[in-house]
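Common to both upcoming complexes is subunit A, partnered first by subunit B, then by subunit C.
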Partner chain A sequence: MIIKRTLYKTILKNKSNPIITLSLLMIEIYMGYLVWYVLNLYLPKPISNYRLLVSIWVIWICAFVAVYKIPDQLFTNRQIKDILCFPVSGRKLVLLVVGRLACSQFGITISAFWSYFLYDCTDWALTVIVILFSLVSSWVVDLLVLIASTTIGNMLSVFCVGYGFIIFQYGAFLLLTLSAGGLASRILFWPGFLAQMNTIFAPNWWLLIAMLAALLSACCSYFCVRDGYIRSYLNTQNFQGRKTNKRIAPTKIKNPYLLLEWKRVLRNKELIFFSNIKNILTVLVLCNLLLQNLGWKGLPEKYALELFLLVSCCGVNTISSTAYSSDPNRAYVSFLPISTHRLFLWKTLQGFAWGEITVLLFWLGVTLVRAIPMTNACMLLLYGTAMNYGCSWLGVFLDYKMPRTPTSTNELLHGNISKVIVLFASIALTIWEIYFTRQIARFISLLSFAVCVSVCAVMVEFGYWLLCRRAFHD
Partner chain B sequence: MIRKLLKKILGENFTENNAKLATVNFAIVLLMFVLSGVMLFFLPEQVSILHNGDTQYPLPSVLAVWLLPTIALIINIGFIKQKRLSAMNTFIFIILLIVMMASYISQI
Partner chain C sequence: MIKITDLSKKYGDKTIFEKISFSLDNRRIYALVGINGIGKSTLLNAVTQPFSMDGGKVEIDGIDNQCFAAKFHFFYVPDSKEMFLNLTGDEYLKFITWIYRQDGGKAEEKIKWLSSAFKLERSLNEYIANYSLGMKQKVYLIAAFLSGAGNLILDEPFNGLDPESVAVLKKLLMEYRDAGNLVLFSIHNLDLVVNFCDNVVFIDKQRQVFQAQNPRNFEQLEAVFFQRCNHADDESV
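Let's look at the complex of A and B:
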């Protein structure tokens, strides 16, 4: 037991602490209670219908944790290399990490279901079967992720295995998000959908199927790990991006700030490619949810949906929200003759330029599909462009004021805190604009008001940059 | 205890400033819990946590008052785990505290 704990601490730099553990426990108990209370209070009875819904949520959360943790802890983790010279088998390492993960998933499942028994304990045996089904299904997902990761590590060459893992993690994350968003909107807005699902779902049979799947995937993963884990791990550790020996011609740099930023963005291919795909999908999911009601069904204000669409495009700009945290050159800025004040401007302009591509794409799509008149289409474009600058500025500013250390291993959530704040702020502004034109100043059209507000926001931000130079440590 | 926790999590990135900021953040979260507990005596039996146009979604005060402090706690743990402790985060917590109090006062 002590050896296992030491091994776990060594390979994962275990950071468990009573404060964190207690806080998490408290949060889980509270959230579990709140979920069942809301389901019981606001959704049609009987409450037993929602066991399946909660079960799907649990599997979704556990799958997300598995996709996030297994490749990070078992394949891209550099600590494992240090202990491979000791007599520790790969199988033992995998069992240790997956076992701990399974324990945390057990905790998630129990916290999600515990308060159900406060409302209904007439058929507790069936509820226990549903809980077991969720638990076994999440273990099946763990094993499938393990098999997929081992296969990626073995099948891909040392030059592209790293990209393979990024695609796998991001792809699975997007797939999970899309499926969860689709399912949530169906359950909330299609009457009878959940009842139909409950008729198909026979807990006993589904538990049996899940157990068979678990057995099968356990066998497969046993052989996969025995024969391929170490090779896969070493292959992943040897991954290096392809380096070209291109000779660079001597050039005169006219604008070092533009060059620095241009190189930063181009160096992070992940930032351009995966983030933009993720952003476009996020915007689609957001707008799908907005379309499917959430209070905006039959939007009374003209162009409210278009404004939401454009503001979502502006809010999810990863290039600006990671402007400083994804810049390794930042360490040299303090002793080079570089003005941080001007650097901030160029970071904002770069984020703006890349974000404008998404804005233009969505603007073109929405103008053509909804046949918007030319004048209003131009105003929408002006709104999108102004908000794009405003959101880029805010994203860069937040990333500048909330720096993220480069030693963090948390790549999947990279830059998301600044992005979430920008998204919340921009959507809140749009909601306020709609509220203002509906309730307070009914004579003003929403579109013109939104354009004015966005232009004012840009002027305020630019003025702050121009006048408060000390805020940027110049 | 908080210093020990930060030393473990941040390793080489641990500084006096980090320790101070984390302590302040935890103190704000604790203050949010305490204030929510106090406000429980003044709030009506049910408070609205969400509204969809004119439709309100009320919850019993005894359950709803812990929602914002819990969210603050989740955000704080997220900031520590992501190694993003800074004065700006502390400012966000102060804003959250003000928003929480304003929402309670508006419902009294």
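Let's look at the complex of A and C:
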């Protein structure tokens, strides 16, 4: 047991904190309670209809975790290379990681279903079958992800295996997001859809199918891991370790702060590729959902939807919200004569410049699709640009003020808290602008008011940076 | 010149340094010695990063190290070799000359000369991330000489260097001292200490700092080390 725990800590550099584990567990339990409370209170009865829906949600969450964790922990994880010098088999490592994942999925499933019994205890046996179905299905997903990852690692050459994993992970994320969005919109807006699904779903049969699938995938993954895991892992590592020996052209940048920031972003493919694609997809999915379910004319004010679209583009700027946490050189700035005050400005400008690409893309799309008049289109661009600077500044500021440790390995939360706060604050501001122009000052148009507010916000932020040098520890 | 007054440092409840004071003069090379984990890097960090001290005062060339201006008066090469891996060697060296406000033309010449002395000129346009340990050490040391700072603070600078580079580094450090500057470096190799530095700064087993003139005699230096520095009573840091 101790060996397993040590091994797990070594390969994942995982410093488990009982308080954080307990807090997460409590959040999970509370979320489970909340789900059934909302379903019971606000949606048509009987509540037993929603077991299938929750079951799908559970499988969806577990699949998301599996797609995120299995390639990261078993294939692109550099720590395993060190462990393989010891007499530890690949099968043991796989079993350890997948076993831990299965345990956490068990926790997710139980947390999601426990409070169902508070509302309905009549057919508990059938509920247990649904729970078992969710659990077994999520384990099947784990095994399928494991087989797919091993196959990618074995089949693709050392020159493209890394890209294979990126496409696999983000393709799966996109598929999951779109399917979840589609399902949620159908359930919420198509009456009778859930009842129809329940008639198709026969829990006993589906559990049997899931168990058979689990058995089959367990056999496949056993052989796959036995014969191909180590080769697949080393192939993936060779892609990561491939050195670019080509000579880099001397830099033309003459500003040290710009050089630092430019290289921080440019050398971090994860930041540019993963985050920007993820951000564009998030905004597209959001836009798609709004279009499907609310319609362009559903919102109360003219240009309200365009403002929401632009503000969500600005709010999800990962380059600014991870300006410090993704900077590998942040620990070395303290003993060099680098002005933290000026560094903050360059980090903001860097985030702004990258964010502006997304803003321009969406602005162009919206302007062309909606045939917006020139004056209003220019105002929308001004609004997007000002909000982009405002959100970048706030993202950098929050990331600067966030408590962090140099050895923090929590990639799931990496910059995401700042991003969520920025998104929440910017959307809240837009809602307030709509409310203000609709309820309080009806004579002002929403677009002009929003532009004024965004420009004011930029001025306040810039003024704070200019005048409160102490806040930036120079 | 570095003057340390009543410097204190704690890790949680554990006291590492309790009000230690000493000063280091210009035109000298100081070797900082002590057993593993006694606090050599902690001391160097406290001198170069004021927020890592718990109390006391450090002056570098008469400027309090809390002041931003003090940063222009020293260059610190820490033991970590993970700095600025996302820059090429050339970009890193240029970056250092810019932030230390050195003359661009002269710096260019100096980069060429130093990189040729350390046999690094062919690798300057590659990313530091792709360098070996010794190459990383060399590029950080070249940066130290480029900075123009009057006080070089180096944490184990000879680690990873080949014998030829060790000889180059010793020669450069001596020239640097002769130009009126101060060099403070931590080291474990007493042979190198005896043959090279002017003064030895010891951290003893009670974590007190004391200095001595280099006796230029290995047995004598070793005797002092084993008598006063070896076998710390409490746990290592």
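The definition used in the following text is that the second predicted complex is superposed on the first by the 375 of 474 C-alpha atoms of A that agree within 3 Å, B and C clash if a C-alpha of one lies under 4 Å from a C-alpha of the other, contacts with A are read in each partner's own complex, and residues count from 1 in each chain.
By our rule, a contact is a pair of C-beta atoms (placed from the backbone, for glycine too) under 8 Å apart; a residue touches a chain by one contact, two chains touch by 3 or more.
Note that this is a predicted model, so its numbers are computed, not measured.
Peer 1: In the superposed arrangement, does A:470 touch subunit B (first), subunit C (second), both or neither?
Peer 2: So A:470 meets neither subunit B nor subunit C here.
Peer 1: Let me test your reading of the model: by the given contact rule, A:332 touches which partner, first (subunit B), second (subunit C), both or neither?
Peer 2: A:332 contacts subunit C only, not subunit B.
Peer 1: So, does A:256 touch the first partner subunit B, the second partner subunit C, both, or neither?
Peer 2: So A:256 only meets subunit C here.
Peer 1: With both complexes superposed on chain A, which partner does A:37 reach: first (subunit B), second (subunit C), both or neither?
Peer 2: In the superposition, A:37 touches subunit B alone.
Peer 1: Report for A:264: first if it touches subunit B alone, second if subunit C alone, otherwise both or neither.
Peer 2: After superposition on chain A, A:264 lies in contact with subunit C alone.
Peer 1: Touch test for A:27: subunit B only (first), subunit C only (second), both, or neither?
Peer 2: first
Peer 1: Does the superposition put A:401 against subunit B (first), subunit C (second), both, or neither?
Peer 2: In the superposition, A:401 touches subunit B alone.
Peer 1: Contacts for A:442 in the overlay, against subunit B (first) and subunit C (second): which applies, first, second, both or neither?
Peer 2: After superposition on chain A, A:442 lies in contact with neither partner.
Peer 1: Would you tell me the residues on subunit A in contact with subunit B in one complex that are also in contact with subunit C in the other?
Peer 2: On subunit A, no residue contacts both subunit B in one structure and subunit C in the other.
Peer 1: Any idea which subunit B residues touch subunit A in the complex?
Peer 2: Against subunit A, subunit B makes touches at 1-2, 4-5, 8-9, 11-13, 26, 52-53, 57, 59, 63, 66-67, 70, 73-74, 77-84, 86-89, 92.
Peer 1: Can you name the residues of subunit C that touch subunit A in the complex?
Peer 2: Checking each residue of subunit C against subunit A gives 48-49, 51, 68, 71-72, 74, 76, 78, 80, 82-88, 90-91, 94-96, 98-100, 125-127, 130.
Peer 1: Under the definition above, what is the set of subunit A residues touching subunit C in their complex?
Peer 2: Touch list, subunit A to subunit C: 243-245, 247-251, 254-256, 259-260, 263-264, 267-268, 328-329, 331-332, 334-339, 474.
Peer 1: Could you list, by residue number, the parts of subunit A that touch subunit B in their complex?
Peer 2: For this pair, the touching residues of subunit A are 13, 15, 17-20, 23-24, 26-27, 30-31, 33-34, 37-38, 41-42, 294-295, 398, 401-405, 407-408, 410, 413, 417, 421.
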